[in-house]
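Next come two complexes, and both contain chain A; in the first it sits with chain B, in the second with chain C.
Now for the complex of A and B:
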């Protein structure tokens, strides 16, 4: 079942003439992880804001085309500092900020918060003051805060930007777990090497428009590598002058060598 | 009893009543009395200098740092008053303004925004209005922390905020522009983040841990209101009939 449908959606930010999104059609189903890739300014963040019903409702601007959402959405933005409520004494309170705003009963808030803290391995930090956390810790708290609101559609904008390798690995596993629970996940990331293990589909955005849609194998495509959107293995393979098709992952490369 | 343990509404009532009385009561005695109370409040253990203090003061007691912040903030007003008025007017108005400044500094140092939101939501206020008020109060420490980061970044680039007036003005310009621009930029992102976290107009937020509001504090708030009204009547209404 579709959680999000964009039908020929275009979006203009206020006081701009050229659209940040151009004629984008996309569907994200429940239990599916879709990764958005593209160069800086390709429109991935804007697409997430439109999907989250924040653009144009909060940002202003103009939307053309149709956007249909079946579920409540939650978006994780790239900078954790601006997403903290600033109204919490502890990490637990910070994660509970969103569920409390939804007016849930306190026992349901406690259940969702405890679950989100466990998922993000934040239980040991539950009583810490959010202001004392590192960037990576705070990013995990913000992700937990969004998940505690139990959104059906989860939108991630560069979620691993502040995380170390271990934190990023936990996040990618969590995203697959969310998909298994039936949530729809739309993910904008420049961590291209993680995509083969995380995403079911890849949408390549260029200048606000969809250039290509496919499986993660798209990231070993010659055109993607030319555009700087290949995985590390594919890029190194290409740089070494080795023959096509380029391998997507280390495992694929090993198979090719044999 | 420390300011930090009082109900947020009681803190607001005290911080509102003191400046009101300073302007209502006859000068300069009224302003002097309210100022003494306001300055005494800044020395209470509930006031946290981390929210307010200007510069670092190793070894200073927290209350003294809050007191110093209040006095330093009020000092320029005295200078301008002295330039514009005679000495009696300067003293009368200066005491009143210093009471206002000290009350506000004490409030910012004492009132925890999260407790205010909880208290307002528990009292039936809109969560958006409560957040707006609490965010306004917490803007001081947030801007202070950001200004500190910018100053450190400028120091790394060789710009010193110390030295003569010209050097300090140059440093101020290098601080003000990034401070204002980054604050404006953050407003956009914070609006998006709060929307996605459910802080939208018309919500019925669940109070998570509303601070206790004992009957004695409720009575004290009403008493403060009555004292202000009585002072108002005593000062402006009664003389007309005498």
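Now for the complex of A and C:
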């Protein structure tokens, strides 16, 4: 079932002439992980803001076309430290802030918070003051706080940016788990090498418009490599002048090399 | 030669929480050093000490021939330029040009020199066309480059960068790599915190790894980033190019994309030859 549908959506930020999104049509289904890729300014962050109903509602500007959401959405911004409530003295209370504002009964809040802390491997930090956390720890707390509200549509903008290798691995695994639970996930990431293991579909944005949609194999295409959007392995393969099709991952490369 | 930076058994705690324990190393002029480790390993704390924002509880930290215990951050700015992790949130001037020139002007260098340094930093990072824009009219990735330009304009002996590639696409990362290699060739030393081992392998030459506040590793990056068994207990994973070199057993085990592509081409040609 569709969780999010954009139908010929275009969006203009306030006081700008040219649209940040141009005629974008896109569906994200329940249980599906869709990755947005693109160069700087391609429109991935804007698309997430539109999907989250923050643009134009909060940002101002103008939307044309239609956006339909079936589920409540939660968004993890690329600046997670700006998403902390600032009103909680423990990690547990910070994660509980969202569910409490949804007016849920206490036992349901506790259940969702404990579950989210476990999923993000934050249980040992539950009683810490959020102000004392490192950047990566805080990023995981914000992700937990969003998930504790049990959104059906989860939007991530560069969710691994502040995470170390283990934190990123945990996050990508969690995103697959969210999809298995039936959530729809739309994420923007410049971590191209993580996409083959995480995403079901890739949407390549260019200058605000959809340039191509496909499986993660899209990131091994000549065009993607030339646009700086190939995986590291595909890019090296192309730079070495080896024949197509280019391998997407190290595992694919090993198969091709035999 | 006097090291640009020297730490001699530096320890530091936040109250009862230890952050760094007896860390010692030195960095030579022009050296390109990656500071690696898990979240919470003490990397950002080390940067705060180098910038003079915190003082060691024990041990000594030297910037050139200055003992930082006798220095205030404004004085250290003559030799050390630091770009903090969220520096793109700290721009404050009405234009990118004003922001980049603020540092050298505050140091008190002559106006013509301020102009020259500002022009060069903007040019090097491809920001000249944005010089007259308000920083917050730029996308976050370009704001990040503007913050880096401000540090370059200080023309320091040591450039300290905390996660310089977050949010940058591949083209911008390559631009940052080019500028840093350029400055290092002109004897500017680099100390770069990063989780991006791909960027580290392309740009830097020596790896320091912190593990729970201790210096667990100090050696050439080229050997380190390809060694999965040694990286794993330190919370690190080989970048894909290094993993590819290892998986295909490419000669020399290259860790940079260009070197790996050349090695791959050579081996492939060899296979086709009669």
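In this text, the second predicted complex is superposed on the first by the 258 of 258 C-alpha atoms of A that agree within 3 Å, B and C clash if a C-alpha of one lies under 4 Å from a C-alpha of the other, contacts with A are read in each partner's own complex, and residues count from 1 in each chain.
Everything below uses one rule, namely that contacts are C-beta pairs under 8 Å (C-beta built on N, C-alpha and C of every residue); 3 or more make two chains touch, one makes a residue touch a chain.
Quick caveat, the model's predicted, so the values are computed rather than measured.
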| item | value |
| --- | --- |
| Touching partner for A:103 - first (chain B), second (chain C), both, neither | first |
| Which of chain B and chain C A:242 touches, first, second, both or neither | second |
| Partner chain in contact with A:199 - chain B first, chain C second, else both or neither | neither |
| Chain B versus chain C as contact partner of A:220, first or second or both or neither | neither |
| Partner chain in contact with A:233 - chain B first, chain C second, else both or neither | second |
| Partner chain(s) touched by A:178 [first = chain B, second = chain C, both, neither] | neither |
| Footprint overlap on chain A, comparing chain B with chain C | 79 |
| Of chain C, residues touching chain A in the complex | 14, 17, 37-40, 44, 85-86, 89, 139-142, 163, 166-172, 195, 198, 235-237, 239-241, 243-244, 247-248, 257-258, 260-265, 268 |
| Contacting residues of chain B [partner chain A, same complex] | 112-114, 117, 127, 131, 134-135, 138, 142, 186, 188-200, 203-209 |
| In the complex with chain B, residue positions of chain A that touch it | 49, 52, 54, 57-59, 73-75, 77, 79, 82-83, 85-89, 93, 96-106, 109, 145-146, 149 |
| Parts of chain A lying in touch with chain C, wherever the complex brings them together | 38-41, 78-79, 81, 132, 134-137, 158, 161-169, 190, 192-193, 228-229, 231-233, 235-237, 239-242, 249-250, 253-254, 257 |
